[in-house]
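Supplied in structure tokens, the structure appears directly below.
Each chain gets a letter, A, B, C and D, in the order it is written, and its residues are counted from 1.
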Amino acid sequence: MPLIFLDPYPRNEAMVFTDDTREALESLGDLVVHFGSRAPDALVEDILPRVDVIVGQTAMPRERIDRAPNLKAILNVKANWEPNIDYAHAQGRGIYVLSSAPVMGMAVAEMALGHAIGLGRGITAGDRAFRAGTERYSIDGNGRAYSLHGAEVGLIGFGNLARDLVPLLAPFRARISVYDPWLSPEYLSRFGVAAAPLDEVLEKSRFLFILAGATSENEGFLDRAKLQQITPDASVILISRAEVVDFDAFVELADSGHFRAAIDVYPEEPAPADVPVRTSRNTVLTSHLAGGIHDSYRRMREWMVDDIRQVLAGHPPLMMQRAEPRQALLGRSR
Amino acid sequence: MPLIFLDPYPRNEAMVFTDDTREALESLGDLVVHFGSRAPDALVEDILPRVDVIVGQTAMPRERIDRAPNLKAILNVKANWEPNIDYAHAQGRGIYVLSSAPVMGMAVAEMALGHAIGLGRGITAGDRAFRAGTERYSIDGNGRAYSLHGAEVGLIGFGNLARDLVPLLAPFRARISVYDPWLSPEYLSRFGVAAAPLDEVLEKSRFLFILAGATSENEGFLDRAKLQQITPDASVILISRAEVVDFDAFVELADSGHFRAAIDVYPEEPAPADVPVRTSRNTVLTSHLAGGIHDSYRRMREWMVDDIRQVLAGHPPLMMQRAEPRQALLGRSR
Amino acid sequence: MPLIFLDPYPRNEAMVFTDDTREALESLGDLVVHFGSRAPDALVEDILPRVDVIVGQTAMPRERIDRAPNLKAILNVKANWEPNIDYAHAQGRGIYVLSSAPVMGMAVAEMALGHAIGLGRGITAGDRAFRAGTERYSIDGNGRAYSLHGAEVGLIGFGNLARDLVPLLAPFRARISVYDPWLSPEYLSRFGVAAAPLDEVLEKSRFLFILAGATSENEGFLDRAKLQQITPDASVILISRAEVVDFDAFVELADSGHFRAAIDVYPEEPAPADVPVRTSRNTVLTSHLAGGIHDSYRRMREWMVDDIRQVLAGHPPLMMQRAEPRQALLGRSR
Amino acid sequence: MPLIFLDPYPRNEAMVFTDDTREALESLGDLVVHFGSRAPDALVEDILPRVDVIVGQTAMPRERIDRAPNLKAILNVKANWEPNIDYAHAQGRGIYVLSSAPVMGMAVAEMALGHAIGLGRGITAGDRAFRAGTERYSIDGNGRAYSLHGAEVGLIGFGNLARDLVPLLAPFRARISVYDPWLSPEYLSRFGVAAAPLDEVLEKSRFLFILAGATSENEGFLDRAKLQQITPDASVILISRAEVVDFDAFVELADSGHFRAAIDVYPEEPAPADVPVRTSRNTVLTSHLAGGIHDSYRRMREWMVDDIRQVLAGHPPLMMQRAEPRQALLGRSR
């Protein structure tokens, strides 16, 4: 029987090892399981000679890979890569290194769309007004409302989140501009979106989605000056990583009425009790709720089982994302 | 020159007679315009012998139609029909009787989707919690969150609103059941939705959209007993007409936690200061904001001009909706 | 029991009265049925006082309508309207006058697409070459091949056929221009197509679909001079009515290599043995096969039953097309 | 300046090195170009120390890779992989090994759809009958016609071709079953298709697309017994590789009327003058015309330039397909 090693911390059993998942995995191989912390070195050393599949971000430098002759796949079930794997060496051995990060995309895209409509149409603000008894009706209450239908939409970053968001925007026939310095216009056109410089995306988008992952190179690249370029009264959805913006400037600009914003990610989580964002105006605040819903974890488990089954049958894995060795090293954990 | 008569009360000039609309209409004919009230009888009598097109819900009984030999079209720019037109007689004369009601559909559908995602994912509730300092993060805050992706969706009523909502739901690959007693399963299948009995729609839908228009026959058909059939913790969006539900029961059931609800329409608007809905829990309240945004009125003006141009050129009108004489008489004004 | 009168000549029993259709109709009312010719006057006179629904193009002038107090709907199951019905008077009575013409649209659209790909990619021509032993392989055989992907497409006429064709073209991301003098640019934009003058459509389309119905006004409007404007080597699909082109010129231009053509309709059917089209080059010939497949007639029967059920239940019919009184009188039979 | 080495034989200059491509590549680096044969060893040895990008299937065993310290990408512009590259070692070095094979998919999918409609609706057969003077009109000529709309469709093999075909089938709302032993049901469901055993796909499909690539393991897996399972009168499109079927049996079964077939690939190309397929009935024959149209080569050049630009900028390539080391070794050349 093949050996499957689960070392998925910080994921817990409810996330990646429900009863049906355990049952499915047991039908595929022998299991060695460690939860609650990264597996101790002794345990890792013990399984290396026999392991076929590792689930988790177990440290796998070159010399450990060399001592795992049967290893066929490493499935990272966190949201980001760590530098503790020798990605290139694993690939050179024909070992699949996979990430479950895209499982979160559908949920984040849905949340981003909900925030966008909510900002444009004033849903949370309307509710606050209604409860305060200051609501106005119909066109009188819609003075600042605008719609996604046919709107100018900007996406900053075009990774998994964006790819799951674009189909949700399609029926609105929005015109979508994308800033992503790693991607070519030709590639972006496959998705029906247009590459554009950052300045243009900031200045013309009525709806602006900040979807860029955090890397070692892009911290705070949306600084105060850039944020000031955002078109007045735009709806800005900050939903990937707080690190990519100057967060203080972002909140101040929203609070002062330069734009409206939905914020799901924060420089520090939980947010301290007294940070200005808590009392900001023109914002809708959710507490890192975009990706981690139960459906996402169910999808993670399904993909994980499916890819392990493929790999153990000698076929390529299909569901999770392949590591891009160079990019994997740029990703920042949090 | 053809004569175009505008008598669009309760629509005002900002809604239907902006400068560009006036200019477009003046290029098509002579204009007689009355705003601020229904046109006085004397004015109507005066234009009858010469009028080609009427915009508004001017009373047009049979005998008036008979005295308008050039009349080619009546364009109702309200949301509903009134019984003050002899619809069949007009049709017998080959006079197009048209309604702009569908212009609101896209905006209502967008708002309905925004409310649905907002309820399922807890956006407004999350914002309230964040501002109260009681927010919880990621999976800890998502205990009750659920997604539209692949969800069971129920639509009650399948008119203009529903037809504009279905395309927005398509990328979520939701399974959509529809209750509409006027429509056949065969017809509904054209839209990729399944006809279902009311009980089934209530009992199985995770997201329930109440989209039925109010008629003289369906007041309160969603009574307390029916509302109690709604699946526990469903997200219910009440967005067409408050009259179709037992509103007090609806609010009580939401408030008590039976389901979560977004409410955009009320039995009395503005809602009195002390009605229970204002302080209800598990609800998101907007004040009849769903349809009447500026985009909807722009669309109304564009459709109006386009159809008048068609009719005066001897072609059929294309954009507005034809009156269905029997149904027109069933519709209820508000 | 309501009375349903079937007088559907030239449709025969296999087309509109299969066993399951008979059974469905018998469950809805009493049937009086006449096949093989138009019903004799005596039979019509006999049923008038009692008839609820007429299926067929029975002559219904004003005075007959007046003697049919229960009449609720007339379902024309031919492809075109005749002037033997007083359309406006029927509408004035609230009688639905319906046409099954759109049932053919899906089959015609499919055939039009098959012809377009076949012409552009040289399928029938390639088969002829292969059987003659003159085939050339891969890029050597593809010297004149071109693709629908991203192509300039022109539609002449935008009725039922075009509306069923546009979705089939959508995945090719073709740019579609439409010439239809009865329709406005605003209306056409709803379908994602662009209105254009006839000259422009002829001159820029790589694929040109002739989809216009024949009216008393448009015979031969695509005359030799217009046909000469077609872009060289375009693929032209003539599939609605031969009358709208100068057929001799059309065949000569294809034969001489000006464009390639697929032809499904002919001025005289069956085509005489010696007409030039039979030996023309650069053409693919099918014998009025586009619409009348078994699936189309099945759909006709289903729509017919569904609409009769609706009408007898007091609801509006949904599946068949409403008569447009003025346009109905312009349509030409064949 | 980076060094780009072009050794793309059997591709010629018209395919991969048009003027605009040359210009684009010259703006990216120094070019060393060899056409007309595989580059001689001396030339390869000469460029190894300096080369950044190789376009072509130059033999690159481990020891050559080790002598190419700057090598960042190998772009195979043939349709298949060869075993003359050490794929794993290249990956271990972080060298991208890419294939342009998917550029052909759109053209093949279009041709496959054209063939399917042509077979189902009898286009080429109808043309033959018309020219023979034996055509029959409308429903009389449509006795055996059937439609893709709502049909049962089977795909054998789900690689690039299938992925480009599925969107073209989508508007027909066909039910698509797929047999591909390398892919999981979960993965296939992402595309809206259903995994099924081979027997089921053969027995229930009205339209059957043979899209499997040839590997060292699947030669002739659709043998006579399997082909006899095909549902009677199905339309079968053989368009990937002739090797996957027992070709003689395939032609005999079509010729005898068991099914209708479109054939684009042959065991020997050009097909010898006297092979039975040339005179077969119930077949439509094209001479390997499906993929190699000018648009496909234009796309190949665009992808190639785009990916070279990405790689030289330090970004991942986006357009071409990554080698799957294990699968690359299974592919069969022709």
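Here is the rule we use: a residue touches a chain if its C-beta (ideal position, glycine included) is under 8 Å from a C-beta of that chain, and two chains touch if they have at least 3 such contacts.
Treat the numbers as computed from the prediction; the structure is a model and nothing was measured.
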{"item": "Contact distance in steps, from subunit B to subunit D", "value": "2"}
{"item": "Farthest-lying chain, centroid of Cα atoms versus that of subunit D", "value": "B"}
{"item": "Gap in Å, rounded to a whole number, between the CA centres of subunit D and subunit A", "value": "34"}
{"item": "Computed distance of Cα centres, subunit C from subunit A, in Å", "value": "50"}
{"item": "Residues of subunit C engaged with two or more neighbouring chains", "value": "none"}
{"item": "Category of the chain touch graph - line, ring, star, complete, other", "value": "ring"}
{"item": "Pairs of chains found to touch, sorted by chain label", "value": "A-B, A-D, B-C, C-D"}
{"item": "Touching residues (chain side subunit C, partner subunit D) in the complex", "value": "15, 106-107, 110-111, 113-115, 117-118, 121-124, 126-127, 129-131, 133, 135-139, 141-142, 145-149, 167-168, 170-172, 262, 269-271, 273, 278-279, 284-289, 291-295, 297"}
{"item": "Complex interface listing, subunit A residues touching subunit D", "value": "88-89, 91-94, 182-184, 186-187, 302-303, 306, 309-310, 314-316, 318-319, 322, 324-327"}
